[in-house]
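In what follows, structures are represented as structure tokens.
Here subunit A shows up in two complexes: once beside subunit B, once beside subunit C.
Take a look at the complex of A and B:
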């Protein structure tokens, strides 16, 4: 009895699609390639060899940039949101590993997408699913050095290198490791970006969304961090959330290839 | 509802027809027995149902030295059953290459009733707690990927993983779930105290023990509350600052909040007679030392001492007379659960 209703509904839906697709048929599923391209201000980020200006007289040479990208959602021109399956929606982007900077999303419904949302880090909901929720991501994260050894949690963002300043004339190590603080502080944050032009996902077209992460924003974002004040920030109830905000502010969509 | 049954029956018939020759191992489900005086379980068993085979694998892993980089230090190395799964004779515990940390091993008991673990709450899910000792360089000094690789290469684990999870694949999810299954079964709720509370076997407290319980309820039970004997909070109890371990910050290490400096988890008091030494750094060897500390030893330590431990005149401590201490000790010893401490299900050999 109910089944006939479903069949009728499907039939109607098909008919509607069939009517509207006289202009262009948007059905099926396709893929999206998401590129995370790390820059420093207007230049490409180069590790270790290059000095970059930070705040005041400080100069940094960066040796490590890693972050967890998660919970990807795409919104189309009609405001319909496609949520990428949560269990497959955790990725580690590492500056040293070029392949890690391309995230391939599969089985994305065909459509014209105009917005993207993603989180940096691991949300509490996933964490509290225990071993079930982590699946093999735990192994991947540990392999990538994205877990702490004294706390059973993920590092959401890792930023390391050396710096000098007028006050600190010999190269001195700095490291920012940001994650959530047990049950005390949740530093997982999401960012939503408008796409410069719509990403047109089709069965046979894979758009590439080119996201640029301006790493200079880590030290000079909403909050300015002077490494002379604190060169090592790991768990700090005030500064860690500020780092999280700076990190979320470093992303822009540069362009979309269709 | 009936339709569903028919539907499943149909599927079963289909499978039974097509899979005549295939043998599928089905693990044996196990019901967890929870003492009637205990609170609700916090661990979500629906995500990790207990099976005899899962628990057996968990036990094997718990006593597996090869989880450590030196292939010697197992979980059970520091968590000895006879000492309520603590490290007998050590103030702080030592890991691979004789390295030492700065914390006293905590008992493993009734963990399924908790959502936060370790002295500072560095783990907020039981499944993920073992990641700390396995990867900490002063404990087992390993990495999860390397442990998985090792386990995959030992033939005995092929059978154990297959029995528990259907095939021999070794994953972090399976390893951690098996460890949790074993730990979830480690329930200590059969002490004299429990028997009195549950009116079992005509068990009764002695006069001294009853007196101790009264004092306990008046002077200790605000923090050491309920049947688990902890309110699960983090508190600064005015323990003198330990200059040996300047890296110790208490709960602040996890939360990052200044106000949490030198706050530690209120520990459960079950099996307290056997889980010596005491406090986060194992500084006190006997329960008498602990009671003496609460009457005479508290001091400012760089953090904010818990207001509950400040007397009306502004001084720190709890007033307990010598006779009261004797009674308290008698009561605390009724929390010793010999069934648990000798339970072969949890024993290494």
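Take a look at the complex of A and C:
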């Protein structure tokens, strides 16, 4: 019977292709590209030109978004954690500088990573190493305006612009600068995110982890901030930790390219 | 009065049904499978015809070039040229094949992309069952030679495979519309069930197809796909030809794409289309055209918007 032969041929063809996956051996080291993409809600963040809705009647035009990303760790599918060398694990992401939004991690052990952890800011341990213990990062942070002074410490997060509201009809400057206050207040916090799909690091393939930071969460996160109440928040024992929590809540992994 | 009203209701129902029914070009990189059988309606003379044909399909999409709501869009124009044919092996069994050539273009706001080459070929085996009216015992008593009378219903069951003759490029998977590929790079199974009913002047064709997608060498597996299509047609017989205008609907449901056996977010979707067209059948050839417009859709997290599609085909009968 012809028909059965054809059907059989089809099934055989399908079965062969379905069964031909082989176990691969994972060895060596590769790279990971970590992209930090800032948005405002679902829109790509545009500086200065675009006015965004914030809380109540407030509208913001953002001119500056900068933050320190640090202490990157990757966890693989078996729960094994790879900690990126601490001395190389401090980066400044600046909205105006496209290149700064791509963090390239090198010498990452080949593996299938499913989780990422990073800190926003500089941890106390690093800060306590003193000015010389900061290496090149100190100059980098100073040049980027991410320090108050050595005594006051690093600015972990910088957010500036102008706003208007029903109460404030002329454009008025606002600035949120969040960081630890010397050794008095520790605002360093870490974020752990599940990857949407595994980042498969191999000697010859560099996965790209695309992280989105929703800047609208700064004003409307766990805590809502009305700029009419306080348009300038720098060193503040109550509000700085709240901003720090909001900032930590703004990160999501959109996707991973392998 | 009651009768008039009922008649009116029935007519209206037929009209509405006709309007809902639609078909044929599926919005995806898979333009294969059942399209071989639905490409011509198989009315009367065509039932056991073998033919070779040529079909041109134009599809357009708009895709988001980026992950944000204000990301720029790219415009995609897919041109597919298909060589296809159908050969009966026995009265009930026939085979069909399609070889597509793809010319895919994408325009971004600042650049353009173009890939072209052979797409994935499909080979299908078909088994056809015709249904007959109940044997009339009263008639049989009166006449010695009673023929079986066709009921107008027939079903066709097809099983086949789509071959990875089209190139699959891993780099293209990073873009938003995963359909921008010459081929899936995989051996896929195609299962099809088709029903057709033809009365004197009108008929209905319905196709259900399931695509079982295989994994390709990049550990990439397109989501299994379910396609459905139904067309309502009307036959206008002339001396030398027959004109078949038709109206119908069709749709596709896509499962999520998997890579490394992990489902990729925002890669599933549905699309529901309306279609209108017409076919001219003579004793030598069949010429047809149809136009497809999406009615509702949600493709790839809403990031891909199907626009219109157009298909034109010309089939030559081989056994006159």
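The working rule: the second predicted complex is superposed on the first by the 231 of 258 C-alpha atoms of A that agree within 3 Å, B and C clash if a C-alpha of one lies under 4 Å from a C-alpha of the other, contacts with A are read in each partner's own complex, and residues count from 1 in each chain.
One rule holds for everything that comes next: a residue touches a chain if its C-beta (ideal position, glycine included) is under 8 Å from a C-beta of that chain, and two chains touch if they have at least 3 such contacts.
Predicted model, so just to flag it, every value in this text is computed and none were measured.
Asks: After lining up the shared chain so the two structures overlap, which partner does A:128 touch, if you call subunit B first and subunit C second: first, second, both or neither?
Replies: So A:128 only meets subunit B here.
Asks: So, A:200: does it touch subunit B (first), subunit C (second), both, or neither?
Replies: So A:200 only meets subunit C here.
Asks: Using the superposition on chain A described above, determine whether A:64 touches subunit B (first), subunit C (second), both, or neither.
Replies: In the superposition, A:64 contacts neither subunit B nor subunit C.
Asks: Is A:136 contacted by the first partner subunit B, the second partner subunit C, both or neither?
Replies: first
Asks: Would you check which partner chain A:257 touches, where first means subunit B only, second means subunit C only, and both and neither mean what they say?
Replies: second
Asks: Looking at the overlay, does A:189 come into contact with subunit B only (first), subunit C only (second), both, or neither?
Replies: Neither: A:189 stays clear of subunit B and subunit C.
Asks: Check whether A:151 is in contact with subunit B, with subunit C, with both or with neither, and answer first, second, both or neither.
Replies: first
Asks: May I ask you to decide whether A:43 touches subunit B, subunit C, both, or neither, giving the answer as first, second, both or neither?
Replies: It touches subunit C, and subunit B stays clear.
Asks: Can you tell me which positions in subunit A touch subunit B when the two form their complex?
Replies: Checking each residue of subunit A against subunit B gives 127-132, 134-136, 138-139, 142-143, 147, 149-153, 181-185, 235-238, 240.
Asks: Can you list the subunit B residues touching subunit A in their complex?
Replies: The contact residues of subunit B facing subunit A are 44, 47-48, 116, 120-129, 131-132, 135-137, 143-145, 148, 171-174, 176-177, 180, 251, 253-258, 260.
Asks: How about subunit A: which of its residues touch subunit C in the complex?
Replies: Residues 2-3, 6-7, 10, 13-14, 17-18, 21, 37, 39, 41-44, 46, 112, 196-198, 200, 210, 212, 254-255, 257-258 of subunit A touch subunit C in their complex.
Asks: In the complex formed with subunit A, which residues of subunit C make contact?
Replies: 66-71, 89-90, 93, 95, 125, 127, 159-161, 174, 186-187, 189, 212, 214-215, 219, 259-260, 262-265
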